[in-house]
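Before I ask anything, let me first share the structure, which is written out below as structure tokens.
Chain IDs A, B, C and D follow the sequence of writing; residue 1 opens each chain.
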Amino acid sequence: MRGQQIGGGTVALFAGPCSVEGREMMLGIGEKVASFGASFLRGGAFKPRTSPYAFQGLGEEGLRCLAEAREATGLPVATELMDPRDIDLVGRYADVIQIGARNMQNFRLLTEVGRLDKPVILKRGMSATIVEWLMSAEYIASEGNRQIILCERGVRTFETATRNTFDVSAIPVLKSLSHLPVIADPSHATGKMSLVEPLAAAAIAAGADGVMVEVHHDPETALSDGPQSLRPEAFREMVGRLKGIAVAMGKKLGNA
Amino acid sequence: MRGQQIGGGTVALFAGPCSVEGREMMLGIGEKVASFGASFLRGGAFKPRTSPYAFQGLGEEGLRCLAEAREATGLPVATELMDPRDIDLVGRYADVIQIGARNMQNFRLLTEVGRLDKPVILKRGMSATIVEWLMSAEYIASEGNRQIILCERGVRTFETATRNTFDVSAIPVLKSLSHLPVIADPSHATGKMSLVEPLAAAAIAAGADGVMVEVHHDPETALSDGPQSLRPEAFREMVGRLKGIAVAMGKKLGNA
Amino acid sequence: MRGQQIGGGTVALFAGPCSVEGREMMLGIGEKVASFGASFLRGGAFKPRTSPYAFQGLGEEGLRCLAEAREATGLPVATELMDPRDIDLVGRYADVIQIGARNMQNFRLLTEVGRLDKPVILKRGMSATIVEWLMSAEYIASEGNRQIILCERGVRTFETATRNTFDVSAIPVLKSLSHLPVIADPSHATGKMSLVEPLAAAAIAAGADGVMVEVHHDPETALSDGPQSLRPEAFREMVGRLKGIAVAMGKKLGNA
Amino acid sequence: MRGQQIGGGTVALFAGPCSVEGREMMLGIGEKVASFGASFLRGGAFKPRTSPYAFQGLGEEGLRCLAEAREATGLPVATELMDPRDIDLVGRYADVIQIGARNMQNFRLLTEVGRLDKPVILKRGMSATIVEWLMSAEYIASEGNRQIILCERGVRTFETATRNTFDVSAIPVLKSLSHLPVIADPSHATGKMSLVEPLAAAAIAAGADGVMVEVHHDPETALSDGPQSLRPEAFREMVGRLKGIAVAMGKKLGNA
């Protein structure tokens, strides 16, 4: 969409802040990641947070900032939908709708996005099997929307060195069971900025059709997910190295 | 409520079918479990199912059957709410609102039930830590509703002999961290009727304030969860034996 | 053995320190737990420790202390074997041989204890399925030794509130698949002294044939597993309350 | 050793059958994988098997076949040690000693290989944290042997689409915590031949210093691990594609 591809010979590159924190911030990060090769912008306006006392997102104001970043960069934007009652609102601003891990089995929400004519990123639930994940995709597809992108973001295990355990095997397993594109989110999977690049590389080498990474101009002050966000410069360097892996797989990396 | 207790010196006894399948069925099972000592009726009208092609519940018709069973037995009824848009509808019929495991982090739904003046059963998510579970309870409490009942229903592990692994330790851990009543659902935890009684006994011995069990007049033909449902007669026998454990804990079991 | 039962109408009660730390200590704890109803003494002479720099046990000196405690109390003693080369040494002192969780699939060790004429406690591996556990028991039985006692001690999950997640369902599952007695170790399962009693009660209510608990005269200074050890007085009080659960199950608790 | 490298600019390539099944078989597979670029041969003579009734390996005869394959190919051989009593025997034949996942916390075995002057491959236990794994390495190093190679082979989770869940993040995490080389075993991690190549590629892209793959001339009749073994021709094709990933990482792949 908007000239950007997912699947085929391109590894899509989604980048942007975890949460949209304001207009300047979103425009600043958006323009930087676009110039470094991102093919989609990401940013959260409605944030599912474990605690009710944590920052919950800017809501519609955040959506407006995203739309402005789209105008400035020409790139399509992806953002999360949490509540079936927000579907018209979010649908007005987003090019790609994201369903978060905690909502992978929010069946009413899945049914609603199944009625849209817009791509949906369906993140894997924290303890969802691959079969359950595909069944959730089926909730969307059975309503008519077949533009579904599966996103591996790590599963919950006993290991504490990483926030979740990134299940790289899910990529080839899904490729053998389904025709849907599969992308990877190494930022949420690991929770650590130093692990984002090796996991993004691993995902591309395992056949992923895209990677989604969190980028923030100042991770120390981020309102959410700072420890796993890359600075724009680190993002640029990573893109340079990931290109080599994409080329070895016979693919192109985003707009890099 | 309606004269039935949760917490204190009583082990509440929730019983009924997984799904309400019809008027006769709900009344029949309701009257039997009431006569055998149940203190609350349960039954699903809106069912979250892994596959979109599985039985999804009777909706409002199911709620009316539940209300009729309440009139017939005098017992309060508990049923699941899945969608914030159904809150008025479900609230009109239910005495206790249940939030299912898959919705434990559906934060918008939690916020909505936080505004009700009705008890809410909050089931533990399949891979939720105890701390995350209490944070979800906080979403409800922070809106003003403090009538929260936590329900342990098993967590996801590598073990395949049971549908989930019932985390009996969660009961005393929650008792040490919170003042909220804690009940157990051995039917969903194990997925096997032969394991319901030993797990219900274990839960009571570990300090649970209630148990919730699925009862069906003909498990072989149940539209959902047959393999873990007890026949009414098996329920009666189980109640007889569980009374001894409750008494050893200095408590009374439901209305038995 | 030595007049003490496992299985049948008795819930065996194993108690003693995690590690034998000296003669006085072992005799002191042994006499106390015996007088409070324990039916078996436990204590480690060879300790498997995650770090090579942690206390590894007193070795043969520890075994001699155990033997002395047996003479003083008349109770049989259980202790762990870690190395096939120690089998004669440990066999000379122990009435019951324990195979620890980390060695559940140390097949050479299993084969060796399969040739003994002594009961063997086989602890469940930290991530062993019930089927794998029974297969490890088969390694012992296939060599001729059928005196096997299975011990549930918790499995590894994502939950961090407890050291492991005690799988209480394993008790009735094993009872349905095998004739072997099943005991529970709530001390290792939880790692917290406050959880030992509720889990011991749950295990007995679920049908366990015994419980094994760690008792130390001064948990703060214990050389291993202090935080999960009960003081002798707490052990006595716990025994008093567990008797009620055992009686509700139609059983006797140890020598209490 | 024998002119082959692990670490530095080379991705070591271990290949061979799960179990040595005979002289002809080992020589045949050994010569093929050597000609296709393998830099080390692997093959099991002592096999840890879940069931006592499964094939347990050829023992010393298997070691002799390995030694013959080494003479024929000039490549060093790696094989598993299960019992401290076999250390002299295995040490006489093997260039690299492998400690299997089930023995990662067999501390007596670790202490013994710590006294050897030979490289040791330490496989990760099925539910070992990264910290526990490094502590087991410490058991070896503290006895003097610092030639330790860590091997990620998947951890146990709830997912059933793969035999284990390959924890690709462990590779960069270990690189940040330790100087030891890290290799990956995608065959055991996945249990499926179709997933071996994508996971080997992912491991190399994440920074692994080597990969170990099972190769069998006729997987359908293999005495162990057939479903995850590659035919020699499939191995050759995989090596061709993996070279591109290694080159993108600035490395050489085995002798390919």
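As a convention for this text, contacts are C-beta pairs under 8 Å (C-beta built on N, C-alpha and C of every residue); 3 or more make two chains touch, one makes a residue touch a chain.
Nothing here was measured: the structure is a model prediction, and the numbers come from that model.
Undergrad: Which pair, B-D or A-D, has more C-beta contacts?
TA: A-D
Undergrad: Starting from the Cα centroid of subunit A, hunt down the chain whose centroid lies farthest away.
TA: C
Undergrad: Averaging only over C-alpha atoms, locate the centres of subunit A and subunit D and give their separation in whole Å.
TA: 35
Undergrad: With chain centres taken as the means of their Cα atoms, state the distance from subunit B to subunit D in Å.
TA: The separation of the two C-alpha centroids amounts to 49 Å.
Undergrad: When you check subunit D against every other chain, which residues touch at least two of them?
TA: In subunit D, residues 127, 156-158, 160 touch at least two other chains, as defined above.
Undergrad: Going by the contact rule at the top, pick out the subunit A residues touching subunit B in the complex.
TA: 48-53, 82-85, 102-103, 105-108, 111, 126-127, 132, 135-136, 138-139, 142, 156
Undergrad: Using the touch definition from the top, list the residues of subunit B that touch subunit D in their complex.
TA: Residue list for subunit B touching subunit D: 156-158, 160.
Undergrad: If we count contacts the way the header does, which residues on subunit A are in touch with subunit D in the complex?
TA: 127, 129-131, 155, 157-162, 165-173, 176, 189-190, 194-195, 198-199, 201-207, 244-245, 247-249
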